[in-house]
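Next come two complexes, and both contain chain A; in the first it sits with chain B, in the second with chain C.
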Partner chain A sequence: MAGKSFFIDTTRCTACRGCQIACKNWNQNGASMTKNTGSHQNPPDLDAQTYKLVRFSESVDKNGKLAWYFFADQCRHCIEPPCKDAIEAYVEGAVIHDEKTGAVVYTDKTREANFDEVKDSCPYNIPRLSEDGRIVKCTMCFDRVSAGLLPACVKVCPTGAMNFGDREEIMAMANKRLEVVKAKFPNAQLLDADEIRTIYLVVDDPKAYHDFAIASAASGIGRKLAMRRMTKPASRALRAMLPG
Partner chain B sequence: MKLTRRDFLKISGAATAGLALSGMGFDLRPVHAFSMELRTKDAKESPTICCYCAVGCGIICHTSTQTGQVVYTEGDADHPINGGSLCAKGAAAYQIAQNDRRITKVLYRAPNASEWEEKSWDWTLKEIAKRVKKSRDASFTAKNEKGLVVNRCDGIVSVGSAALDNEECWTYQAMLRALGLVYIEHQARI
Partner chain C sequence: MTNHWIDIANSDCILIMGSNAAENHPISFRWVTKAQLAGTPVIHVDPRFTRTSAKADIYAPIRSGTDIAFLGGMIKYIIDNNKYFKEYIANYTNGAFIVGDKFSFKDGLFSGYDAEKRKYDQSTWAFKMEANGMPAVDKTLEDPRCVFQLLKTHYARYDLDTVSSITGTPKDDLLKVYETYAATGVPDKAGTIMYAMGWTQHTVGVQNIRCMAIIQLLLGNMGAAGGGVNALRGESNVQGSTDHGLLFHILPGYLPTPAASLQTLAEYNKKYTPTSNDPLSANWWQNRPKYVASLLKSMYGDAATPENEFCYSWLPKVEDGKTYSWLDLFDSMYQKQFSGFLCWGQNPACSGANADKNRDAMANLDWMVVVNLFENETASFWKGPGVDPKQIKTEVFFLPCAAYMEKEGSITNSGRWGQWRYKAQEPPGEALPDGDIIIELFNEIRALYKEDKEATFPDPVLNLKWDYISNGKFDAHSVAKAINGYFTKDVTIQDKQYKKGDLVPSFALLQDDGSTSSGNWLYCQSYTADGNNMARREKDDPTGLGLYSKWSWCWPVNRRIIYNRASVDLKGNPWNPKKPVIQWVVEDGKGKWTGDVPDGGWPPLQNADGTANDKSKLPFIMKPAGVASIFGNGAKDGPFPEHYEPLECPVEKNPLSAQLTNPVAAVYGTARDIIKTCDPRFPFVGTTYRVTEHWQTGVLTRWLPWLLEAEPQLFVEMSEQLARMKGINNGDMAIVESPRGKLEAVAIVTKRLQPFTVLGQEVHLVGLPWHYGWTWPPDGGDSANLLTPAVGDPNTRIPETKAFMVNVSKKEV
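Right after this comes the complex of A and B.
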């Protein structure tokens, strides 16, 4: 499979949140209202100004050992993005699925889509609604990548947790690192690697990192949306046949 | 009821099969190459050093040749210290120049007051000087118990500033030592 991919090695992440800030700066996203939830995770969730968020999760295993995991959450740029279907059921051409990189990029036309259906269609709970009505998320720094630069979050990473490159190279890097990490952490795994372009390496149950670390079974395409999608080609054909 | 993606494709596939000849099928292939203008394309690049901690990471500052405004900052890939990477503070360097939420006027909250009030720089600097002098005079130790001249100002502590660069820090600590301060700390040492 061609195109680009991210490899996010959570074992190297120190949660400095450089990626979160670099993302904000490159995309010129502003501040968002936040609150102290007793965690360093700030803001508490992704929002229209925060396409990338370092999640902090504490858990205690059955031996009473504390684990503190960091998960640099972002769009997975699915190989077959369900959000594209959900948006384009309402408006054609609102999502760019770039042939060269595989990036899934939302355009301003997403204003005309139904946000709740788009959010529900995402197995990773990524899309957010901006104040001006656009649906927004990580763009894979499409403009930077097209110009031969690394995405802002990868360029900034001081520890090597964030990696980006051609799909084959990234898969090789991820598998190689998985073998190394497995020696110490037998539960180490790559998450949904065959389906998406943002591949995480974790050393424990993915749920200990984030509820949506792996594709959520609850997500999917609503019945109404499927019906809409189903009838759309027919209505378009009908329109094409009508004069004027 | 929710449909899985597989079901969804099945349904839409069945519906569009009859229309395949008219070329109005459900196209899953990515669209053709799409391009976007790079914000830093024509910007002037100036190397600088991060103003925060003692690590001293290199930063490239991209400045618009038209407006002279900073359009972006990022790690300097050629810098021996950081090789292009930055932490959250260094990554936020852009906002030193560009952030409409930065406070540009002096705000003062009087003791026990709950509201902030706007003050002039003239009033503020005089007030600081007045209070520094008052604390210094009240806590100054000219000689210790052994009778040695120490000229210490024990009543004032300085913590900071992480937002000063090396040269500004030198000037700042020189002023503090001239006042007799001994409790001088900086974020970069912590």
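Right after this comes the complex of A and C.
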């Protein structure tokens, strides 16, 4: 499989949030006047101005040992993106699934899609609705990558937690790192590596990091997507027949 | 730092203590992570489990303010378990020196204590001297009065049980840390310490660091790649500002500020130029008169002549024995002892300990000039919470200045690298670079002195060398060159000719006869005939150790790891052959050092056949004896670090001695200086810190929406146990109160804080960042320094903002 991929090594992430800020900087996304809600995770969730969010989770293992997990959440750029189907069920060409990189990029035409359906289609709870009606998320810094640059979040990472490159190299890097990490953390794993282009390495139950760290069963890539695929031509045909 | 940032990657064991490096020095973790990937264990010792702890291999909790107990226990462990590097101690430290008969230590007090003056007579800590004027030594380290044996006796009290009962660190954790770190005592391994304000901001701040320096010397970790004592500076240019004499007790280049009793340069030089009778001691400070003369030449130019002692008499003098630190200045301001204040690039209404005292003090001023990027709480103190502007007489002037990317110049990082920066864009509106503001200000002052025929003592103002302007603007290059220094006349030195106006190539060529100038001898070589060395950007790394000797320039003389002559054995072979910082190489019968710039080019102490080489010098060239100080008789609070409680502490007894707190700590006596120990109204330990997302008092970062979004409000972190006890839920508003002030903060209730068991009792600790203030954002909260005490370390007078006592309660809605 060609194209690009991210490798996010959570064992190296210090939650400096350089990626979160660099993402806002490159995309010229604004900030909200947040409140501290008793957590350092802020804004509390992804939003239309926040495509990349470092999630903070405290976790205690069965021996009482405390861990503080950091999960730099972002779009996974699925190999077969269900959101594309969900959007294009309403509007053709609203999503660019770039052949060269594998980036899944939303266009302004996403205004015409049904946001709830798009959100439900995503196994990772990523898409957000902007005030102007567009559906938005991480673009894989499509513009930077097309110009031979690294995505902003990768460029700014000081520790090597964020990595980006050709799919094969990234997979090799991830598998190699997994082998090393397993010696100390037997539960270490790569999350959904075969289905997506943003590959996380975690050392514990993915749920300890984030509810949507792995594809959620409710909206997963499995049955629901298959159903949608089956009904897609019909629903589009139906929409075409409807007035306005 | 004795070493530098990249060198952390070379370490065999990284101890992070008194620092939250992952959060406050995030880029340092590039190198920490690199070492960790190569198998280096990372240890974090801290009152809180932080983002640093989350990445560490070993985390050990410690009650804030008990680091000497923790480290003293490590000294005992190293000695008891024979983990020390004996050859290194015997040859490169004063561990073998015999201490004089007057020295003693009894129940927490060293000899020479004067209880009335709260001061030690340090002369009682002198070494025993031989007839030849050199200290008596016993290189077997067995004489009961030698430093090593006294050290062993001193720390014999610091057993695991006692240490654990003071620090609250479980014994298992203590042992794990001691074992892991002490493993670097073998010759070919080096451990490093990364510390910051968690160590300095205590009434025993200097001794915290001294204690670690002793450990590094016992283990032979000084001078080596991956070793050293490494202060992570709290601002990008703290190192540079310190080098250039920011603090009251030094002039640029660590030359002591002249005191009133030293009326002539001859007297000054006599007092501050050390002598050594040891032919093997380089005693580098014997050169001090050259550096002072060159500094005076750079200040007063042609007016400075040998006949008038280079205008030494024009230098302002401090009163003997009087201190002029931050705490002293605000104490004096509070007591109306002066009336005007230039507040440049700082925010004392939020940054200073006991902030309410500082805010009150500002109301005693006639005028205050605030130079900053944004209006801050200092500039607007007169309209702050609880203040009636009508009652404030202080006239405040605000001068907007350029941000760092709007001006050219150098900054010096923690690793002593002077790095040149360029201007990216013009400053907005009327904002000016600091240099231009200073130029305009001084030009005006000088004009006033010129006009006024009765001006008091006009000579230093009228004669100050002041040629740093080109095209009508401040010229950073002209200042950088003056700092480096010039030849002021044609001279020939060692058959080489230099012309008047040539830049001096190295401080080894500075003179005491007025033929050279240098604004800071340490920076001599930073800007030479080769150009601006601080602007170099070559990426060669021939040693593979990450020295990058042609990237920027570092003091002294581009030496990337100082004391590097201690990284080799007596014959010049590296203790660690895999990571040689320097190495003595003999080719065709001629020897030379390869690798980093050595601490002096003298040959090794021994020839290849083991005979002594009398042309050699000992490695610690800045010390008169040529060796490093395990016994440090220069510190005001004792030659060995001793555990004392913070001035505000949760315990009534110190199990190590009858002395509860540092007997010579700096204290102040105004109505605003209230200290409460073991007061049931303030039962919890408080501490302050920073987060990644904000910088200092947040004057810059609170105005950056992306950063404010990530950390929008003052918070107080506390354990689940304490929160339960006080009925506080996560996210509730809590009230935190100390004997000095009161704050509202969002409660973060977390497992990352746990109660400590201290002397059999449960002790809770809470912590707050000090980034906030009332100007912005609307619900951001106020400064955590409203809580902290203005008490200080006796050596540096840094305030004890890392350990004090508070109460917390839920804010009733």
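The definition used in the following text is that the second predicted complex is superposed on the first by the 218 of 244 C-alpha atoms of A that agree within 3 Å, B and C clash if a C-alpha of one lies under 4 Å from a C-alpha of the other, contacts with A are read in each partner's own complex, and residues count from 1 in each chain.
Everything that follows uses one rule, which is that a contact is a pair of C-beta atoms (placed from the backbone, for glycine too) under 8 Å apart; a residue touches a chain by one contact, two chains touch by 3 or more.
Predicted model only: the values in this text are computed from it and were never measured.
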| item | value |
| --- | --- |
| First, second, both or neither for A:Asn42, with chain B first and chain C second | second |
| Touched partner set for A:Phe185, first chain B, second chain C, both or neither | neither |
| Partner chain(s) touched by A:Phe142 [first = chain B, second = chain C, both, neither] | first |
| First (chain B), second (chain C), both or neither touched by A:Trp26 | first |
| Partner contacting more residues of chain A (chain B vs chain C) | B |
| First (chain B), second (chain C), both or neither touched by A:Arg12 | second |
| Touching partner for A:Glu80 - first (chain B), second (chain C), both, neither | first |
| First (chain B), second (chain C), both or neither touched by A:Ala152 | first |
| Contacts of A:Gly102 with chain B and chain C, given as first, second, both or neither | first |
| Those residues of chain A which chain B touches in one complex and chain C touches in the other | 16-18, 20-21, 25, 30-31, 158-159 |
| Of chain A, residues touching chain C in the complex | 12, 14-18, 20-21, 24-25, 30-40, 42-43, 58, 60, 66-70, 158-160 |
| Chain A - residues contacting chain B, complex | 16-18, 20-22, 25-26, 30-31, 80, 82, 85, 93, 96-100, 102, 105, 120, 142-144, 146-147, 149, 152, 155-159, 218-223, 226, 229-231, 233-234, 236-237, 240 |
| Chain B residues within the chain A interface of the complex | 1-5, 7-8, 11-12, 15-16, 19, 22, 24-26, 28-39, 41, 72-75, 77, 82, 84-88, 90-92, 94-95, 101 |
| Sites on chain C touched by chain A in the complex | 22-23, 26-27, 29-30, 33, 49, 51-55, 691-693, 705-713, 715, 729-732, 746-752, 777, 779 |
